[in-house]
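Chain lettering (A, B, C, D and E) follows the sequence in which the chains are written, and residue indices restart at 1 in each chain.
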Amino acid sequence: MADNKANRQRLRTAVRSVSKSRADLGELRSAATASNAEWLRRSPRRLSVGAAKFSSFRAFPAIGRKRTREPSAQPGFGGRCERQDHATRKPATRVILETRGVSKSFSGFVAVNNVSLRIWEGTIHSLIGPNGAGKTTLFNLLTKFLRPTAGTIRYEDRDITTMRPAKLARAGVARSFQISATFSNMTVLENVRIALQRGYCWQLNFWDSRKVLCELDHAAQDLLAEVGLEAFSDRLAAELTYGGKRALELATTLALKPKVLLLDEPMAGLAAEEISRITALIRRVAKGRTVVLVEHNLGVVADLSDEITVLQRGEILASGTYNEVSQRPEVIEAYMGTGDV
Amino acid sequence: KIGVMNDQSSIYADLSGLGGVEAARMAIEDFGGKVLGQPIQLISADMQNKADVAANIANKWYDNENVDVIVDVPNSAAALAIQEIARQKKKLVLFSTAATSELTGNKCSPYGAHWTYDTYALAAGTARALIQSGALKWYFITADYAFGHQLQSDTTKFIKAAGGTVVGSALAPFPTQDFSSFLLSAEGSSADVVALANAGGDTINAIKQAREFNFNKSGKRLAALLMFISDVHSLGLKAAQGTILTTGFYWNLNDATRAWSKRFYARRHAMPTMTQAGVYSAVLHYLQAVKASGTKEPLTVMKKMREMPIHDFFAANGRLRPDGRMVHDMYLVQVKSPAESKGPWDYYKILHTIPADQAFRPMKDGGCPLVSH
Amino acid sequence: MFGIPLPILLGQLMLGLINGAFYATMSLGLALIFGVLNIINFAHGALYMMGGFFAWILLQYFGLGYWYALILVPIIVGIIGLVIERLLLRHLYNLDHVYGLLLTFALSLVIEGVFRQNFGVSGQPYDIPTALRGGFDLGFMFLPTYRAWVLAASVGICLFTWVVVEWTRLGSYLRAATENPALARAFGIRVPSLITMTYVGGVMLAAFAGVLAAPIYQVSSIMGSNIIPVVFAVVVIGGLGSIFGAVATGFLVGLLEGLTKLIYPPATNTAVFILMVVILLLRPQGLFGKRNY
Amino acid sequence: MSDRDQSADRCLTVTNLHAHYGDSHVLHGIDFFVNDGEVVSLLGRNGAGKTTMLKSIMGLIGGRTGSILFKGTELVGREPEDTARLGIGYCPDDRGIFASLSVAENLLLPPVVKSGGMELEEIYNLFPNIKERLSASGNKLSGGEQQMLAIGRILRTGARLLLLDEPTEGLAPRIVKQIGRALRTLKTRGFTILLIEQNFKFASTISDWHYLVENGKVVDGISSDNALKDPIKLQRYLGI
Amino acid sequence: MSWQKTAWLVGAVAIAAALPFFVYPVFLMQAMALAIFACGFNLLLGYAGILSFGHAALFGSAAYVCGYAAKAWHLPTELAILCGTAASGILGLVYGILASRQRGIYLAMITFALSQMIYFICVQAPFTGGEDGLQGIPRGTFLGIVNLSQSLNLYYFDLGVFVLALLLFWRIIESPFGQVLRAMKGNELRTVSLGYDVDVLKLVCFAMSGAFSGLGGSLQAFALGFASLDNVQWHVNGDVILMTLLGGLGTFFGPVVGAVLVLSIQNYLASLGGIVTIVEGVVFATIVMTFRRGLVGELQPRLGRLLRAWTRRGAVEQASVDIVPGAKQPTDVAGSRSVA
C-alpha cells in the first residue's frame, strides 16, 4: 500500500472526482489547506495526539465545510481549474524560455554542456537527471545567477544572456531554491510580503511608511493559506520546520506572480501527505503560467509534467513525455536504475 | 581655581601627564595654598590626546566649574582650540607642553601665555650652535605632519642664514616604527648633521636604530630637535649617547634646580621634564600675579604677569612678552655616554646656554596681531 | 628604477624584508585565530606588546636574558591567552564577529592601559643580546646581525607553523571547526580544546614577535597599536583563513613599504592600504583566499 | 511492540528522553531501543521531532534529560566528541558539508574511531561522483553529491552505529537504490543503523523495525512485514 | 494609545529643551552629532547587515568640508552643513561602489583601507591644517537671523536638526525600503531572486549612511568650532561600532544611547588621571559579555514588558477594557491553547 504509485493514483482519483462534482478547486484548496495546516499548527506546539490524525484524503470530502474564500481574493491565480489531466491540455503555443547551445564550466569542470532547451509557454516542464547532472546549474543559468560560458538564453523572444538576475525576476521569471532560502530574521508574513512588495512600490521607496504595506497583508495571508502556513504568519521564519520552510519558499516565489516559475526540488524532505498537497498546489498555480520543475520524486514528475528533459553530465540525454522517457534504456541506466529499491 | 589639562593616557603621558599635575600641586603648596584669602583649588583632566575632548573639558571648566586658568595642554590642535575658547570666554590659559609657535604668532591672544618652549626655540637653539661648531651640511628626517614640517623649515632658516646647506631630507610618516631605511639614506648623504625633526616614540626609535646600524661610526652627528629627558631615560644612555638637543630646563643645572627636582623626584620617582618644570613656573607666576594685583580678573592678572619678571629655578631671568611668549634661557646639551654619567638621571652635558633674548622668535617676526609693528 | 642606485634599492628591500618578518609572524597568528575562532583579535597588538614587556621584565627583575625570554615569554603570554579564551572569548563564538572585535578591542584598551600606568609610554630600553651584536657588510649595506637573526627566526617559525597546520590533519580540523563546530564535534573532533590551542598558538606567535622586536624597537605600551592596522591589512590581502597567504603577504608588504620609503616616503603607512584596495578590487577574496569566505 | 527480539544485545536504549530548544519543549519522553545489527527507521510527519531525536543522541542539543544508553554507556551528559568516539556516526539532514574543505578533506575529516570501517575504494565504488570531484570545494557539489559525501565520510570511521537523517533526500532514484544496497551490505557486516526516512518504500526494504514518531513521542512501533501487511496503521500516522 | 505616544513625545522634547540648563550644551551638541553619526552607521550594520570599518573618514571629512565652507567661503551655516553632508554622501557612494563586491570582513577591511587613504589626504592636504586642525570655524547665523555663536542658540538649532534627522531615519527604516534592507540582511541571494537590485540598494544605503555621518560631522564641527585629525583617525572607526553596539545594534535609539555613553565616559572620567581607557575597556568588555544586545536592545523588551504589565494592570483596575489588545503575544495565545 504505502507505495508512492498507489498513493498517486488515489490522489488523482480523488482530485478528479472532486473536480468533476464540484469543479471548483478554489474550494477544494481551502479545505485541503485547512486540514493540512493542521499538522503545521499542531506539531510545533505539541497538541494532543489523539483523534486529530486524519490523512489528507479523508479531509477531501469535507470540502466546503470549512470557510471558503472568494477565488478572486487569491493573488495572481486561483479560480476554476479547467485542467483535469495533463493529457487533455490544449497544445502549447510558443516557446517562452529557450537556451541555445548553453554551456557552463567551473574552472575547467563542465557542468552544463551545449544544452539547447525549449520550454513551451503554459506547460509544466520537468528536468530530471542523476545527481550532479547540471540541473541546478541550468536553473542558475536560466535565472541569470550564473553567466554561461557559451551559448545564448532567450526569454519571450528577447536575448537575456547578459541580463541581471533581479531584472529578469522582475520580467517574470521566478525561482525557488533547492536549499530553502527564507528571510530568517523576518516573520513568515513579512517574508511573503517582501515578494509582494516588489510589484507594489519602487524598491527605493523610503519616504512612505511601511504601513502602506499593510494593504498587502491580506494577499500575503491568502498565499500563506495556500501553502498551509496561515497559522504561522507571526512566527519568525527561522522557527519553521524543514517542511514549513519549503512551503514558505513556495509561497514567496508565488507572490511574485511569475510568468515562468522555476522550482528546484520542491518536494525534497517533505512527508508523504505534504507531497500530495504541494503537488496539487503546483498543478493549480501552473494554470496560466509556465513551470519548470526539478524533482527526483518520479511519482510527482510523472504526475505533473507535460514534458520531460533528462540531463546527464551536463548534456541532454532524452526528452519527451514521461512515458516516452521512462521507457528509454539509457534513462533507466543513467537515472532510474534497475531492480527494486 | 586652576585646571591642569594634559594627556595622561596617550603619547604625551610621560612628559607631562600626572607629573605635570604634580608640579602644579607643588607650586600651589609652595605658594601657601591660598590666595586673596581663598584656598586654591586644583583640578586635572586627561584629554586623552583628543582635541574634541580637550575642547569640551575646557568649555566645561571655564563655564561651569569656574576654572580661572588652564595649564599645560599638549597637542597643537587642542592647544589652538583652547586658545580660541579662552579668548571667547575671557579666561586665561598657560601652555607648557604645546609646541606650535602659532600660539604666539598668528593665533596669539591676550589671554594665553606660552611658557616652556616652541618649535622656533628648538630650531634656533640646535641649529645656531651646531653651525657655529662647523657642521654646515644638514640632513633631515622629518615627521610628516605640521609639527615636523615647521620644525624643519624653522631650522632650515637658521642654517641658510648662517651659511649652511640642507643636503637632503626624508619625510617619514607619523608614526614610524622602523627608521632604518631613512638612516641608511642619511648615512649615504654627505651631511655633517642628521637632524630628527620628530618627537616622542619616533625620535626614540630613530636613535635606537641609529645605534644598531652603527651610525655613530660614520662621523655624522645626530641632533634630536625635540627630545625630553624622559625620552633619554627610556632610551638609556647607551643608545642615546652623543645626541645633541635643546632643552628649556635640566634638573642638574644648579642648586635651585636640583633642590626642586629632588622634591619632585620624591613624589614622582622620575626627574622632571622641562614641561613639568614649566607648569610649576607658570602656576607659581600666575599666583604671584594674582596676589600682586589683588584680583582674579584675567586681563589684570595677565598684565601683572607681564610686568613682573619671572625669577624661579626654572627661569632665572624670564619675562612674559605681550604676544604671550615667555622668554627665558635655553640650553644646548649633549647626552653623556654611560662612562661620563655619574649617577641615575645624570644625562646631559651643557654645551651652550642660549640667552633668553636669542632663544625665542623676535616679536616682530611672529605676526601676532596684538603687537603693533 | 626611478633613478635609484641599485645598492640603495637592494638595501631598502632587505630592510623591508626584515620588517616584513614581523608582519608575517604577527599576521600568521592573527590569521590562525581569525580562521578558527572567527574573531578578529584586536588584542593581538597588545599581546605583542606584552611579549616585548615581559622580555624586559624578565631581564630587569629576574635577570633572565634574551634567550630565556624567547622561550619563556611566549609561554607566559600563551597562558594569559588561555585565560582570555577560556573566560571571555569562549562565549562569543556563535555571534557575529563584531562582538569578538569589540571584546578584544576592549581587552587591548585594558592591557595597554595597565602597562602604561605602570611603565609609562616612552618605553624601556632592551639591549641586543651579546651573541647577536655587530653586523656584517653585505657590500650594498651594513646588516646588523640581529636583523639577520630576526629574519631567520621568523621565517623558521612561520614555516614550522605552516607545516604543522597544513601538512597534518590539523588544518582541515581547524577549518571544519570554524565552519560548523557542532558538527565537527559530532564527528569526534575535540573542537573546544582545538580552539583553545589555536588561540594560544596565535597569541604565542604574537609574543614571540614581541620578544624579537624588543631590541629593535622601543619596548613601549603603544608599540602594538602602531603595528596592528598593518597586520590586519596583511591578513586580508593574503586572504582570510589562508595561512600561507598571511605569511607571504607579510613579507610582500614589508618589501612594498621598503620601496615606498624610497619613492615617496610620506605614503609608507598608506601604501599597504592602497595595495589592499587594488588587490581586493581585482581579487575579492584576497591573494590566496578561497572564494567561499 | 510485541514481535521484537527482546533478548538480543542492545545497541541503543533510549528512555524517557526530553529535549528542548531554548524554551520550546520538543521531545516529550521518548522511549525506544535498537538491537545490535538492526536497521531501525524513524517515521513521522514533518516536525515530528525525528531530527531532534538524532541530535539529542549525538549531544548536539543543549537541554536533554532522560537516559540514552549506548552499549551500556550513558550518553546524556557526554560531550558530542566523546559520543562520536564511542563509535557513533552521524549524517545530518542538511548534509553538513564543510564549504571551506575540499571534497577529499571532507571525506577524510572524521577521525577513524574504530577499526572495520570501509576503505576509500569501496566508498568510491558506491558513489562514483565523489571520486571525480575530489579536489572541488565541498559546497560546489550538487545537492545529491553532497548527500553522497555526507554518507560516505562516516562509513570510513568504523563507527558501528550510524545515525542517518534522510539519507535519500534529493538523490536520483538510481542512487537511492544504490544506497539501499549499500545499507544492506553494511547490515550484513554487523553495522547498526538508525534511519530517518520520508520515503517509506525505501525504509521498508531495508529496515527491520519502524518507530512512528509524532509530536515528540514515539507513538508506535511496527515491523516491516507487518507494516506492509497492515497499511492502516501507517496511513493513520503518516497519511500514506 | 496615541495620546500616550504624544505624551512621550512632548515629554521628550521638553526634557531636551531643558537639558542645556543642566548639562553642558557643547557636550550635548557633540553627543547629538555623534548620535547622528552612529545612526548612519547603524543603518548599514544594524539594518542592512554591512559592517563598515571606515566610517571615521565619512564623519571627519564632512567636518573639514563643512568647516572649510563656513570659514573660507563664508557660506551660511545651513549651507555649510549641507555641503558637509553632501560631501560625505558622495564619499559614501564611492565607498559603496568600491566595496559592494565584497562581503563580511573583506568589506570591513576595504572600507578601512579607504578611510586610511582619506586620513592620509587629510594629513597632507593644505586646507586641513595638518595636526593643528582647521581652527576657528565661525558658527554664523541661522537664516541670517538667529545668532548661533551663542551656545544655547546653536543647541536649539542642533536639536532641531537632530530631531529632523531622527525622524528621517525612522522614516527610512520603517519604509518599504527599510523592509527590503532587512530582507537583504537576512538572505541576499533570495532578495535578488525576488527582483531587487541588491547592488543598487547597497549603494543607496552607503550613500545615506554617508550623508548621516556627514551631517553628524558637520554639526560637530560647528559645535566645537574646529575640525581635527582626531575625527578621521582609525580609532573612530572602532568608536562608532562601540556606540552602536553598546546602545543596541539595529535598535532605533541604541546608537543615540551608545553615543552619549561613550562620550560621557571619555569626558566625565577624564579627571580620573590616566585610567580612562582602562575603565572604558572594562565597561565595553562587560557590556559585550553581559548586555549582548546593547543597553537599548536588552532593556527595551524588559521595559516593554513592564509597560505592558503596567497598562494591563491599569486596564484590569478600570475593569472595562479587554486584556487582549494590550498583551497580544502569539506565543502566549498559542501556549494557553495547548494547555486547554
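The rule is short, and it goes like this: a contact is a pair of C-beta atoms (placed from the backbone, for glycine too) under 8 Å apart; a residue touches a chain by one contact, two chains touch by 3 or more.
Please read these numbers as outputs of a predicted model, since none were measured by experiment.
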Partner chains shared by chain B and chain E (touch criterion as defined above): C
Centroid comparison with chain A (C-alpha atoms), farthest chain: B
Longest centre-to-centre distance from chain E, chain (CA-based): D
Centre-of-Cα separation between chain D and chain A, whole angstrom: 29
Where chain D and chain E are represented by their mean Cα positions, the distance between them in whole Å: 50
Distance between the centres, which are taken as Cα means, of chain D and chain B, whole angstrom: 76
Separation of mean Cα positions, chain D and chain C [Å, integer]: 44
Multi-partner residues of chain D (at least 2 other chains): none
In chain C, residues with contacts to at least two other chains: 113, 116, 266-267, 269-270, 293
Residues of chain E touching at least two other chains: 124, 274-275, 277
Every chain pair meeting the contact rule: A-D, A-E, B-C, B-E, C-D, C-E
Complex interface listing, chain E residues touching chain B: 24, 26-27, 30, 123-124, 129-133, 135-136, 220, 224-226, 228-231, 266-267, 270-277
Residue numbers on chain A that touch chain D, as the complex places them: 1-4, 7, 39-40, 42-44, 46-47, 49, 53, 55-57, 106, 109, 128-137, 178-179, 241-244, 265, 268-274, 296, 298, 334-341
Residue ranges of chain D in contact with chain A within the complex: 24-26, 28, 44-48, 51, 93-94, 129, 133, 136, 140-145, 147-148, 166, 169-178, 180, 198, 200-202, 204-205, 214-217, 219, 227-228, 231, 234-240
Complex interface listing, chain D residues touching chain C: 58-60, 79-81, 83-85, 90, 92, 96, 98-101, 105, 108-111, 113, 137, 139, 154, 157
In the complex with chain A, residue positions of chain E that touch it: 171-172, 174-180, 182-183, 185-187, 189-198, 200-201, 204, 208, 330, 334-335, 337-338
